[in-house]
Amino acid sequence: MQQTFKLVIDCPDQVGLVAAVSQFLAEHDATIVEASHHTDLQLGHFFMRHEINADSLALTKASFIDAFEPIAQQFSMNWHLTASAEKPKMAILASHESHCLIDLLHRWHTGELNCEIPCIIANHAHMEKFAEWYQVPFHFVDFKALGKNAAFKKVSELLAHYDADLTVLARFMQILPDWLCDELAGKAINIHHSFLPSFAGAKPYQQAYERGVKLIGATCHYVTQDLDEGPIIEQQVIRISHSDSAADMVRKGKDCEKTALANGVRYHLEDRVIIHQNKTVVFA
Amino acid sequence: MQQTFKLVIDCPDQVGLVAAVSQFLAEHDATIVEASHHTDLQLGHFFMRHEINADSLALTKASFIDAFEPIAQQFSMNWHLTASAEKPKMAILASHESHCLIDLLHRWHTGELNCEIPCIIANHAHMEKFAEWYQVPFHFVDFKALGKNAAFKKVSELLAHYDADLTVLARFMQILPDWLCDELAGKAINIHHSFLPSFAGAKPYQQAYERGVKLIGATCHYVTQDLDEGPIIEQQVIRISHSDSAADMVRKGKDCEKTALANGVRYHLEDRVIIHQNKTVVFA
Amino acid sequence: MQQTFKLVIDCPDQVGLVAAVSQFLAEHDATIVEASHHTDLQLGHFFMRHEINADSLALTKASFIDAFEPIAQQFSMNWHLTASAEKPKMAILASHESHCLIDLLHRWHTGELNCEIPCIIANHAHMEKFAEWYQVPFHFVDFKALGKNAAFKKVSELLAHYDADLTVLARFMQILPDWLCDELAGKAINIHHSFLPSFAGAKPYQQAYERGVKLIGATCHYVTQDLDEGPIIEQQVIRISHSDSAADMVRKGKDCEKTALANGVRYHLEDRVIIHQNKTVVFA
Amino acid sequence: MQQTFKLVIDCPDQVGLVAAVSQFLAEHDATIVEASHHTDLQLGHFFMRHEINADSLALTKASFIDAFEPIAQQFSMNWHLTASAEKPKMAILASHESHCLIDLLHRWHTGELNCEIPCIIANHAHMEKFAEWYQVPFHFVDFKALGKNAAFKKVSELLAHYDADLTVLARFMQILPDWLCDELAGKAINIHHSFLPSFAGAKPYQQAYERGVKLIGATCHYVTQDLDEGPIIEQQVIRISHSDSAADMVRKGKDCEKTALANGVRYHLEDRVIIHQNKTVVFA
């Protein structure tokens, strides 16, 4: 598989910045696999992502960073460079419902998600044997026995131990404390089982049933202190009717949840997402 | 075109009620074009709609009603019978944006909507000539000159004058007063330009833009005193991205609005909708 | 979980037949959970499905069948009665790609699919350990070593041995011989990775890529001798663009395949599908 | 409204070409409103579109073209520059069904489509008065009286007379002769009422009904000599079921047709489409 570098930039919009970046890339013989630009005209802010054939470059990652830094400073860029050869470590938090966990494991195992999965952390023990087939370490954290505070301290220690770059809440049913939300800022992705901002909080399918909506959905978003209020990465919906009970909605909604979460996670892992002021630019 | 009767029933669920209805229909030689049943198991409530070939029946509408009444009483039914030959009168309220108005007129004119359109009432005058092509009376009610109270009194008088069976708010941008909502209860359909319950009230596309959602939508619902809280008939959504400005959302949303409203109105006109406790059963 | 009977009927349309069936059900105190009717006006053919609370009935399955037979004969019905307590046996045929297999196993294991899975038969061996977690017997049939004829004979013997009521081809990449298609007529479901009738046969995503379509899809259908020509149960599509390579289409298409197959299989297992003249009525 | 230039380029992929173009734009102070890139890795071909704030540029259109030509030659570019101030002239061909015609007129009239409509040419006369409201010249060409050859000669003369840049077949039900297809190559857009390549040719909804598909659609494509085989710009689908007659499909399909055609036409008018080897790149 071809290795690539991803160069992701956002900065105040300014004439000459694309020229400067592309001039830099051309000088170093970069073959561009994919290039995406977006100008937010209202904010006067610019977003850019390049996927570059690593073999075409006369630079290592380190030398690229050194050489590019002056341009970045000139244009006041937020920026980072990642190498596809360095796979990010994605930890998964799970509860009793396993559909999102199983879906992520399968996509990772078949190469759809370019990452390592260093561990699964769950407040239910029943998927331990399943994780073994994938040879992923499984940690059961007993929230009931430990209490919520100690349990989340344990979760945080495990994430640190495994050096997780990304934490995915795969229908994890415990609300993260504020200190952990802060610790994981921009590095934790949740799936909420409603079409946000409709039906935030508990029992969204029951809420949807009671309101009598004709479509239900799921929302993949970054975790922030404000529950279900973080930047949205991806949403999916499915049609329902009067003949669907709340239980039918749960079943149908699972397909939305799996797809929305898998897409959102993939976009993040491929450096396609830029968070800006509680919204996202997604170069899908 | 084949004429039909629609027999629409809801009542507490009970063994024998389908047998009683279908026995009645068979005795009168009814050929059934379409039959739909729904049992709300949670509420123990039953919903049923029959579309019957009118020519197959040995009954007039009046004699059908008389003959069926004992069964209806036995099972405590809410029910009504309509004849496709008697077209309901659908008045349209419109404002400056004309996409929903034009869409409804076209569908009506080409036979998609089985109704008469006795009048268009608008708080802008610019579509008067357009309405002429369709030979539909157009009334400009000058809300600014008359003031809101007098203007809505005028609207109500016009609806009474034209004997409207249904009033459709085709992106009508004035909020109906409570007394008019009550007057039109179950007989007025609105299109709201968001995926309710998200973004109720004013400027939904701007709200959607600010929240950074990845799908926008439109909701067709019955008008009630509680703004944007009435029973939902139909919803449509469309995908958007970071590259869509609020103006792009307005453009994309219009297609959702037209389709959701047209579907909702058609379901109502074909007696496919039963309102029950702020929700709808829609035999689409 | 509540047990139900499903009574599924199709027959020439005739006045009085719904009355006869509902009269029969009422006489035996049947509480109806769900009832669906369809009249094909062009063919003059009638389709009906009842889901009945088994506890409400004063009849066993056997006595129901005996008692109903005279009505069935009177109206020349094709009909059958199934009891949810008797779970059908669903065998799965798989190849190297495992996404559909894994999806079906998960849905079955979490109760979404009301069936037993007596065996998995595959022409690749790599999922054997995975199947163990679900405690489902796994048979590797070595098509290369045995040759196609002997291999399919082996498959047929295994299906007979396990007494399979339904055989699901979960992206099984061997074309069934005619004699096996006949053996499994109406009892084998395939997923084809295109939006049929577009791109039947081999390499549909490559075909789609070459034609430059803007949506791709998947089709769940009954297996017949004519490749990809059997009655369609369910289809799903997903949007693509010029930026999707054939490999991207493969990835995106998998989500369509899983959903279309899972839906189609569930409809079949819940007796929601009636095959009539190479088309299906699906009471979804 | 802000005026823009659109610079649209395709050429063999090569290191340095983005740098050259963006360098050129920066040198002339171009503020970029929207930029899109695509590399077809399989073909080694590159596609690029820039939308540039016209006021930011120190160049007129003519001087831009002169100044850019050397770069274009250096990289063997196919390219063109358009100015939003110069609206393309879009002629519409129509038949009896008017939904696409009415939809396009409304979108044009409300500013969604940046073009002039110099004329409508139809082989039915009934929309003449309607066109008057929009003040668009309407030409009835009597195919029956004139015969097909003479009629198409007349159509071609009218298109020449009105100097049409684009010809839209808005459900125009006459098959264009080869010579006219050639005349209009890359400048004529058709809407076909099926999800191509399924159901090309006559009566696609009847074909769909007979095959028993579960989704129907519409395809917007450039006209070529090979009927329904031209480069696809946009497709839309809608779910159907066994309960939809061919007439229901016609009704539902119209919504797909209108949306697919309107999108495709808008993409073309905004110079978002590049045709390459019977496929399109659409920078939507």
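We just call them A, B, C and D in the order they show up, numbering each chain from 1.
Following the convention adopted for this analysis, a residue touches a chain if its C-beta (ideal position, glycine included) is under 8 Å from a C-beta of that chain, and two chains touch if they have at least 3 such contacts.
Here's who's who by UniProt: A, B, C, D = Formyltetrahydrofolate deformylase.
Every value quoted in this text rests on a predicted model; they were computed, and no experiment measured them.
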- Item | Chains touching both subunit B and subunit D | A, C
- Query: Upon optimal superposition of subunit A on subunit B over Cα atoms, what rotation angle is obtained, reported to the nearest 5 degrees?
  - Reply: 180
- Query: Which chain maximises the distance between its CA centroid and that of subunit C?
  - Reply: D
- Return the chain pair with more inter-chain C-beta contacts, choosing between A-D and C-D. C-D
- subunit C and subunit D: spacing of chain centres that average the CA atoms, whole Å: 41
- Find the geometric centre of each of subunit A and subunit D from their Cα atoms only, then give the gap between the two centres in Å, rounded to an integer. 37
- Query: Mind pulling the subunit C residues that touch 2 or more other chains?
  - Reply: 34, 41, 243
- Query: So how do the chains connect up here, line, ring, star, complete, or something else (other)?
  - Reply: complete
- Query: Contact residues on subunit B for subunit C in the complex?
  - Reply: 13, 15-16, 18-19, 22-23, 25-26, 29-37, 39, 41, 56, 239
- Under the touch definition given earlier, write down the residues of subunit A that touch subunit B in their complex. 38, 40-42, 47, 195-199, 211-215, 217, 231-235, 237, 241-243, 245, 278-282, 284
- Item | List of subunit C residues in touch with subunit A within their complex | 34, 98-99, 102, 106, 110, 112, 129-130, 133, 243, 251, 255, 259
